Structure formats: C-alpha cells, structure tokens
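Common to both upcoming complexes is chain A, partnered first by chain B, then by chain C.
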Partner chain A sequence: MEIRTTLFNEIAEKEIRNPYARAFLKAMPAAIAARRKTVMGSFPDPDAAQACGQAIRAEVVAWLPELLEEFEKNALARGAKILWARDAGEANEMVLAIAKERNVTYVTKGKSMVTEEIGLNDALAESGIEPFETDLGEFIAQQLKRPPFHIVGPAINVPVEEVCDLFMEKAGMEKPTTDPVELGYAARLFLRDKFHHVALGVTGVNMAVAETGTIINLENEGNIRFNKSSPRTQVSIMSLEKVVPTMEDAMHLTRLLSRNCTGQAISAYVSMDSGPKKPGEIDGPEELFIIIVDNGRSEIYADSVAREALRCIRCGGCLNICPVYAKIGGYPYGWAYSGPMGQVLTPLLLGLDRTQDLYRACTLCGSCREVCPAGVDHPSMFLYYRSKDVEEDRGLRGKKRPWKESRFFDLWSRAVTHSALWNLGFRLARPLVNRYSHSGVITRMGGYFEGWFRTRNLPAIAKETFHERWKRLRRETAPGGQNGRKGKP
Partner chain B sequence: MKIASLFIPCIVDLFLPEIGEATVQVLRRLGVDPLYHKAQTCCGQPAMNAGYRDQAKKAAKHFIDVFGDDDVIVSPSGSCVYMVKHHYPELLSDEPVWLQRAEEVSKRIFELSQYIVDILGIEELGASFNGAVTYHESCHILRGLGVSDQPKRLIQKADGVKFVSLPLADMCCGFGGEFAETYDYISEEMVKEKVGCYLESGADLLVLCEPGCLLNIGGYLSRNHPEKKALHIANFLAGTGGVG
Partner chain C sequence: MSEEEITGRSAREDILGRLKEIPKTVVEPRPDMPPLRELSLDREQMITTFIEKLTLEEGIVYRVQDGREAIARLTEIVVGEGLQKVMVSTDDVVASLDLPAWGKEQGIAVLTPRDSGDRDSFRDAVFDEVEAGITGADYAVAESGTLVIVHDADQPRLISLAPIMHIALVSVERIVPTYERAIEELYGDTKNIPSHVTFITGPSMTADIKGKPFKGMHGPRRLMVILIG
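The block that comes next holds the complex of A and B.
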C-alpha cells in the first residue's frame, strides 16, 4: 500500500471540498456515534463496562510477551501452525510460500487492517496470485485502488453510480443499476463463485485468546466466515497486540467492540477458531496458519509511553467522534489506519519524520479519549510524539523542527520566567501587531499569522493589557475605596 | 474576607483584558478579594502543545514559584487550569520536590465558574440579560475538568434569560491554539459549523468560559456575522462587554 502520509494537507484540502465525502461525513459518523451511545446504554453500568475494557487492554500491554507465548502454546496444542513475522516483508513471504506450495492462483480475503499495513495485496499480485477482497466495501476500495476511507466503511464515500460502473466493468454485472440490493446481489454472485473454488483464505484477527489458543473474528457480512470455512487452508494474520488473556476478557471486548464499531450490541457474525478441522468435524479448514506480525511493535513496546498505542482494538469509535475526521475523511491520513487511531499508530510504525501532520492536525479536544474502550489517551500520545519530534529522538525518528520555531520557544522560555521581560515583549509586539488594526479590529496580517485571518478577525492588542490595568483596578474596584491586595511584583 | 489569587491567561492579558476586569468585578461582588501577582506570565500551554517540554517545564516552575503560597487560584480559562492540574505533575514527575509542589498547586486552582458554584456555593449573582442565551462546552472545560453544569446554572439563574440548548454543544470549535493557524482550512470548517449551530439555536447570545474559543468563535462572528455576539461568562455575569 502506497504511503502518502506526507501529503496530508494536499489530500485534506482536496477532500474538504469533495461533495460526496462531505455528504457522507455530515451524516454517518455522527449517526454511528449516536447509535453507539444508545447501545452502550444497554450495559447495566456503561462506565464500568468501558473501564473494564480499558483494564483488559492495560493488562494486555503489561503482559504482552507472556500472553503471546501462552497463546502460541495453546494454539499449537490445538493443531494451528504459528509463524512469527518480524516485518511486513517476512509476513508477505510467508503467505506467498504457503500459497505457492499449494499452487493456488488466487486467494479470498476478509477485511484485515494488518494486511493493508503490510501491503499483502500488492505482494500477492506481484507474484501472480490474485487477491479478492470479499468485504463489500473493501472489494470496492480494492477495485478502485483506493485506501480505506473509514475502518468500518472503507468505500462508504464512493457514489453509487461509480459502484455501478465498477461492477459492470469488473464484477460481471450485466445491467446498470443504482439499487443497493441489486448491486449487493451482483457482488455476491461474483464473490460466491470465488469462494466456491477457493483453496486459500486469508483473514485478519480481532482477538487471539491466550488461555485457549482461539482466534475470534467479528463481522456483519458473513464473508469472513466463508473465508475461514470454504478453503482447505486458512491463513489468519494478526498484529501481536491482538492477544487477550482469557475467553471471558474476549467476550467482554466483543461486546465493547461491536458497540463502539457499529453501534450494535453484537455483530451479525462472531466466529471462533480453535485450531483446524478435527477428525469427525464436518467443516473448517484442514490446516490453519496464524501469522503473528511484529513490524516494529517490539521496538514500540520497549518505550513505556509509546506502548500505550498497543491498547487499540481497531473499533473505529474514535473516527466517528473526531471533529477533524468529520471534515476531511479517511484519505488524508495516508495509510492503512485513519482518524485518531491512525494518528496514534502510524507515527510509531512509520516514524515521526514522515507523519508530521498526523500528530499535529489535532486540537486536543479529547473526544476520542472519552469514547475509547481500550483506554488510549490520544491527546497525550500526540503531545508525546510532538515532544519526541522536537527532541529529534532517534528511536522514533524525530525530525528537526524549523529554526524559527525552536528559536521562538527558546526566547519564549527565557521571558516566561521573568515577568519584566515578558511584559516588555508584549509592549514591543503591540505597535507591530496593531499597525494592521482598524478601529480595534485586525482583519488581515501577512506572514506567520496569515492562516488565522483566512476566516476570522482578531482584536487588536489592548492599549492597556490586564497587567497594565491592574494598578488602577486594584484601587478603583476595591470595596470601600481602599486599596486592594497587592500580589507578588 | 476570602482571598483568591488570579491567574490571567496571555490571551486575556493581551487581547481580551475586559475578561480579566470582569473577573475582578464578579469576585468582588461575591465578597472575594482578588489578588494579582504581577510576577505571573504564562502557564506554558503553547510550549507544551508544540512539543517543547523543557520550555514548558520552565513556565511550570515559574508558575509554581509565583502561586505556590496561595490557598485558592482562580482563572477565567479552563485550558490553563487543565494545564496546571493535569500537565504540571506529568512534566515534573521526575523531580520529587517540584512534583509535590505541582500536586499541591493543582489541588488549589479552579476555573472561574467552577470556583463560584462549587467552592463559593453561589449560583445567583444578580446578573441579567433579556433574551435567549446558549452555552458552548469548551473541550478542556468539559472533558478536561468535567465542568459543564456550573456555567449553565450561572447563566440560567440570571434575570431575564431564556436558556436554549446549543446543537452539538460539546463539539470542538476548531481553535486548538496553533492548529487554527497551521490547519486553517480545517479550523475554518469547524468554526463555521460551530457558528452554524449557534445560529440554529436561535439564541441572541453565546456564552462560553474559554478565552481561546472566544477568540476563535468571536473572530469568526466579527468577520461573518457581526450582528451576533459571543461573550465570556465573566463579562456575562458582570454585565459588561455589551451586556446589561
């Protein structure tokens, strides 16, 4: 998958004017967020349920290496084969080797963010093995060669006319239609045929239960279940933080994931696989490979602040509540993960240097932190990344900040500890700024502050700052005319 | 007589000193003697948000030196209070003596409406306004400090006020400090939507507790809807700044 994180502003400025994206963004995220709120209310104590999810994820982060070992042991005991991939290249090679050994010409895929992260589709296609996404939205996004717009609805912004043209061209649809049911049926016919002959199915993993060696997938279309039950060989790919301690934990996270993801009490399909088909069982794959992908996460884990990012369960609740996402949609985030989730994960996976805008294009409003069932503190993470960037941290690949900015904060920090200097700075700035003022209002100013005036005015700097007014205020408004209290000079 | 030490944020000091004046008036009306340390500067938020932690730490230590002996610190800005309460202990976590002082200060600092309602236990200040008023929930005040009822009660108790709810009241206005400058095209859409909600609410006046949001929303109104007003709660309660 092409990495376009450095084009954030370019893509965002385009998307902010895209009427289709705008129409979707105006309605959908808020609708899902409202539904989330209602369905969270079906817990006897929603806050406690949320806190419990956060505690489970905290435990996962605390015991990640131990839990992974336990998961491996139990999954092996149930007949699964476990493969550890250090990076994207290794993970892709593993899938390719499995596919080639079995002489498959194509694979079907369930929606999986980690396969977007490692660029599996491109790797397969380059080796002559055709990957078919089988989630309807992902199928559309794949055929259009676009990144996911939203974690749950990867192509939800695509106009129906475009879907019609696409299905006529690529999915064998015969008559043009904009009827969603007919379009869905066309995709179904096309994909059913793929499932019918499939030898290798690839899926992601929502949760890997350490206690039992079970992998769990949540979905609403049934395509993941097809991917796991039709082929002889199943490959499930997970990033290492998908592990959870116990089945009870997994069940609680299932409740939270469904609610936060789509506002459902439970998704339409929940499938659990503990190893491949056993003797006497009538369905399931004959062999099950579980590829556990590191791809930089062990390094992240070594950093006690950064590792908090590994709490994320990819529900997408943060996207639906983010006021910035609601304006620009998923494309500007430039990679597999969009919205606040991507702003937290992507800088760690790709480096702070080429993800500058991801952790800066945020007002720190904290809405994402408030809904997060995994306990990710997004604003704190962004502040951490910003500080590591300023420090030019090697591990996280911080980049040098512009000279003017570092100089400004150096001077700023000298003045901030000396009020005389501080107030002198204001007095010197006043005539410079107020040159642009007309009757106390500034409507335009060039240079660094240009952006502010794109849509707003600014009051001129006061003739008398509060600081300068205090002497008078202390006298004037004190009760009984006596002098008010004197503070530290 | 009760004493409250004032922390006046930079935005108020420079651009909106009338908020500071109104804060002084309101406190005096409530029998509180405001104290202003001229040694005060900035809470450090701009440096903190830009990633300059060492510089923010200097501001934090200066703040603690200036305000460390005060029993009560009041500020007409929730984000500055949040900075002191939430980020000071975090910034100074590896310097035990400073950490202890930071934690002490963080217990004694309050946002203005929070101080009036929760600490003084007063909701009626004899303020008045003839018309419909609505309230914008600033992010750091609502989600940072958990303050939301307090200002609304103060508004509702004012004479002549018809309180109307603001659609999407808890949605960010798009200020975010440097964000408004660097990502001006996103910020513009956010503040436009916020003001759209204000117009939709039918209110004659929008009241808020955060000077940053006021600079943003007020600046947008001044450019695009000069007939509509936004006002800081201190001015609303004092009856100044075009309210009376």
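The block that comes next holds the complex of A and C.
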C-alpha cells in the first residue's frame, strides 16, 4: 500500500469537501458509538469491565516476550508451524515461499490490518499470485486500490454507483444495480467460487492465547471462517502484541472488542484454531502456519512510553468518537491505520519524521482515551511524539522543526517561565502587536503568525494590563502614598 | 529460501532477545469486576435469555420437548422451505436422530460427510449441492444467544457455513450462562483441545456498502435453532 502520511493536510482538505464521505461521517461513527454505549450497559459495571480489559493489555505489554514464548510452545505442541519475521519483507517472503511451494495461483484473505501494514497483497500480486480480499468492504477497497476509510467499514463511503461499475467490471455481475443487498450478493457469488476451490487461505489474528496456543478471529461475514475451513493450507499472520495470557482473558477481550468495534455483544462468528485439523477431519487446514511479525515493534518496546501503543487491540472504538476523524474520514491518515489508533501506531511504525501531521492533528480532547478498552492514553502519546520530534529523537526518528519555529518556542518557553521577562516582553510587544488591532480585536497578522489566525482571533493587548493596573492601584490606594507592600499579609 | 530463513529461527532470537533486554515493569493487580448478571440465572431464565438474544440477532429459535418433536419440527422446516437436499453432520446430537432414515421417509436426500470421500467432493457438496446444513451444537450460551460448535471428524467446519441455511440442534442440558463456562470444559484439559471451535450468534451479516445491514454475506442467510428439552 502506498504510504501517503506526508500528504495529511492535502488529503484532509479534499476529503472535508467530499459529500459522500461527509454523509457517512455525520451518521455512522456516532451511531456505532451510541450502540457501543448501550451494549456496554450489559456489564453490571461497564467501567470495571473496561478497566479489566485495560489491565489485561497492560500485562500483555509487560510480559510480551514470555507470553510469546508460551504461545509458541503451546501452538507447536498442537501442530501449528510458527514463523518469525523481523520485518515486512521477511513476512511477505514467507507467505510467498509457502504459496509457491504449493503451486497456488490465488489466495483468499480475511481482513487483516497487519497484512495491509506489510503490503502483502502487492507482494503476492508482483509474484503472479492473485490475492482476493474477501471481506466485502475490503474487497471493494482492494479493487479500487484505496486505503481503508474505516477499520470496520473500509469502503463504506464509496457510492453505490461506483460499486456497481466495479462489480460489473471485476466481479462478473451481469445486471447493474444500486441496491446494496444485491451488490452484496453479487460479491458473495463471485467470492464463493474462490472459496470453493481455494488452496491457501490467509487471515489475521485478533488474539493468540499463550496458555493454549490458540488463535482467535472475530468477524461478521463468515469469510474468515471460509479461509480457515476450505483450503488445505492456512497462513495466519499476527503482530507481536496480539498475544493474550489465557482463554478466559480472550473471552473478556472478545466481549470488549465486539462492543467497542461495532456495538455488538459479540460478533456473528468467533473462530478458534488450536493447531491444524486432526486426522479424520474432512475440512480445515492440513497445515497451519502462524507468522509472528515484528516490523519495528521490538525496538519500540525499548521506549517505555511508546511501548504502551502495543496495548491496542484494533477495535476502532477511538475512530467513532474522534471529532477530527468525524470531519476528515480515514484517507488522510495515509496508511493502514486511521483515526486516533493510526495516529498512535503509524508514527512508531513509519517514524516521527514521515508522520508529523498525524500526531499534531489532535485537539487533545481525550475522548479516544475514555473509550479505549486497552488503556491507550492517546493524548499523552501525541504530546510525547511531539516532544520527541522536536528533540530529534533518534530511535523514533524525530525531525527538527524549522529553525524559526524552534527559535520562537525557545524564547517563548523562557518568557512564560520568567515573570520579569514576560512583563518586559509584553511592554515591548504591545505596540507591534496592536498595530493589527481593529476595535480591540486582531483578526489577522502577516508573516509567521498568519496561520494561527485562520481559525482564531486574538484580543488586542490592553493599554494597561491587569498586572500593571494592579500595581498602579496598590500604589494609589496605599496610605501615605507608599507602595502597596504594607497591605500584603 | 533456506529452511533457516523460512522458519525465521534467527529472527526469533533477535526479536525475543530485544524484548527480553528490557527491565520488567511492575504491573498493577487486576481490578475487581462484578460477576456477569447471567451467572445468577437459573436454567429456565438462561433458556429465555438465550432465545431472546439470538432472536434479536435474527436467529429463529424453536423449543421442543424431545427428539421426536425435534424431528417433527425439522420436517415442518424442510417441507415449508421445500428443501430437496441437505448435508447433516454425524455428531452425537444429530446422530441420535438418525436423519438419513428420516430423509428416506420424507423423500429428501440427506448427505453426510462420509458420503464424500475427500475434501474436494465434500466441498462440491456443501458449496453447490445442498440447500441446508444440519448440525448439532455443543453449547448454547445465554449471555449473547451464542451457539458453540466444536469441530471434529463428526462435525466438519463447512456444514454450518457454506449452505445458505443452517439448522442447529442443541439440548437444553447444554445451556451455559457465559462463554467461560463452555471454554473451561473445552480447554481445561490441555491434552485434549479441539482443533477448531466456532461461536455462532446469528446469520452471516455485513453493512459494508453504504452502511446498509443485511444477512447472508458469505455464510448462511438464515439460522434456525431447535432447542431440545
């Protein structure tokens, strides 16, 4: 997938004017957020349930290497094959090697964020193996070559007319229609044939249970179940942090993931593999490969603040509550992960230098932190990234800001922490600033501060500031014309 | 690619090595969570909750007294839907009803996975030939109206997935309040864990085009559950 994170502002400005995207953004995220709230109410104490999920994810981050080893041991004991990939290239090579060895011409895929991250579809296509995304939204997004608009509805913003044209051209649909249900059935028929004869299925992993070596997937459509049932070979790809300690933890997280993702008590299907099929079973994979992908995470792990990003379980709850996402949709985030989740993950995976607008496009309102079932503190992460960026942190690939901006903020921080400097600065700046004032309000200013005034006004600096007035009044009212010090307790 | 590269053994050492270098942090103990409400339900309440929740997800639930009534209900469904050919699993619940014999009486073709010699012919049957899949279910979970199906040689994965209609039979003896109750029994003995377990809560669904929800995206469009007892 093409990385377009440096075009954040450009794409956002375009998307904010896109009527189709706006129509959905007005209704969908809020509707899911409302459903989420209702279904969270099925817990006797929703806050406690959420806190429990957060505690599980905190343990996962703290005990990551031990849990991975335990998962590997138990999955191997069940007959799964565990492969470790340092980066995207290695992971893709592994899938290609498995596919080529088995002479497959195509693979079917369940929706998986990590395969978007590593660009698996492109790698397969370049080697002449056709990948078919089988989640309806993902299938549309893939065929249109677009990044996911929303983690749950990757193509929910695409107009039906466009879907119709696409399905006529690429999915063998015979009669044009703009009915979403008929379009869905056309995709069903087309992909059903792929599922029927598929030799290699690829899926992501929602949870990998250390205690039993089990991998778990949640879905509504049934496409992931097909990928795990029909072909002889199954490749399931997970990033390091998908591991959880026990089956009991996985059940609690299943509740939280479903509620936060789509506002369901549980997704229509949850499927759990403990190794490949056993002898005598007529379907299910003869071989189950589980690829554990690092792709920079073990380095992020060394940073005690950044590490907390690994708590994320990709529910997308933060997208549905984010006021910025609600205006611009998923495209401006420029890669696999959108919304606050993407603003937390993408800068770590691609580097702070290539994602500068992502962690700055935030008002720090904290709604995302409030709904996060994994306990990610998004606003604090963004502040941390901003400071690391300014400091040119090497590990996180911070990039210094333009020298004028850094110089200004150096002076600013000195001024706001020293009262004498601040007062002096005010007196000096007053005539310069107030030149732009009209009836006591400054609505624009040329030069470096122009941008600040795009959405804000500044009151002119008063002829006499509160501080100055206070001083004067003290002097005038003090008995015997002394300075005001006597009045001080 | 060498064997070493394919299995990623050296990558494994690198990754785990880096993760282990980091000093351990103290993790706060888990906060207390009040037990789920479903845990205090009696059996009849669990059954009511199960039916209520699954019905909300557009599953159709029939409650019958015993096996004989289950067969009668099945006949009604098959006649009502005009089904000609079905695939049935051979798990305990379904096997006890001897559906192949019932099929002969009713004049409908009842296939079992054993009629297919291999994966390919089995796939042909479930994808293209049959109009419904009939299976047992191992548990019915009250908390969300969820069926738990344990897959093995008698319970292939595709019967409850590929045909456009899925009819599941489950005994009320198998009702549990929460997922954990089923999971404890299935995963408690680590020597004998099933290769595949599926939770099913309603028909296959999507809302990926224009947010318009509908059933039967890839899996069954209709789910019927016959609750026995």
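The rule is simple: the second predicted complex is superposed on the first by the 461 of 489 C-alpha atoms of A that agree within 3 Å, B and C clash if a C-alpha of one lies under 4 Å from a C-alpha of the other, contacts with A are read in each partner's own complex, and residues count from 1 in each chain.
Note that a residue touches a chain if its C-beta (ideal position, glycine included) is under 8 Å from a C-beta of that chain, and two chains touch if they have at least 3 such contacts.
Source: prediction; values computed, not measured.
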| query | Looking at the overlay, what does A:102 touch: chain B (first), chain C (second), both, or neither? | reply | neither
| task | Check whether A:412 is in contact with chain B, with chain C, with both or with neither, and answer first, second, both or neither. | result | first
| query | Is A:68 touching the first partner chain B, the second partner chain C, both, or neither of them? | reply | second
| message | Just checking: does A:94 make contact with chain B only, chain C only, both, or neither of them? Give me first, second, both or neither. | response | second
| field | Partner chain in contact with A:475 - chain B first, chain C second, else both or neither | value | neither
| said: Output check: A:225 vs chain B and chain C. Expected answer is one of first, second, both, neither. What do you get? | reply: second
| task | Answer with first, second, both or neither: which of chain B and chain C does A:183 touch in the superposed model? | result | second
| query | What's your read, chain B or chain C touching more residues of chain A? | reply | C
| Contacts of A:400 with chain B and chain C, given as first, second, both or neither | neither
| task | Identify the overlap between the chain B-contacting and the chain C-contacting residues of chain A. | result | none
| Can you name the residues of chain B that touch chain A in the complex? | 3, 5, 8, 12-17, 20-21, 24-25, 28, 33-42, 44, 46-55, 58-59, 61-62, 66, 139-140, 143-144, 170-172, 174-177, 179-192, 215-216, 219-220, 222-224
| request: In the complex, go through chain A and note every residue touching chain B. | output: 9, 12-13, 16, 323-324, 327-328, 360-367, 369-370, 383, 385-390, 401, 405-406, 409-410, 412-413, 415-419, 422, 426, 441, 443, 448-452, 454-462, 464-467, 469-470, 473-474, 477-479, 484-489
| Contact set on chain C toward chain A in their complex | 1, 5-9, 11-12, 14-16, 18-22, 24-25, 27-37, 53, 57, 113, 116, 118-119, 122-124, 127-128, 143-144, 146, 151-153, 156-158, 161-162, 178-180, 183, 187, 190, 193-212, 214, 216-220
| said: Considering only the defined contacts, which chain A positions touch chain C in the complex? | reply: 24, 27-28, 42-45, 48-49, 51-52, 55-56, 58-59, 62-65, 68-69, 74, 78, 81-86, 90, 93-94, 97, 134-137, 140, 153-156, 158, 160, 163, 180-181, 183-185, 188, 191-192, 195-197, 211-212, 214, 220-223, 225-226, 228-230, 232, 240, 247-248, 251, 254-255, 265-278, 280-284, 292, 294, 298-299, 301-302, 304
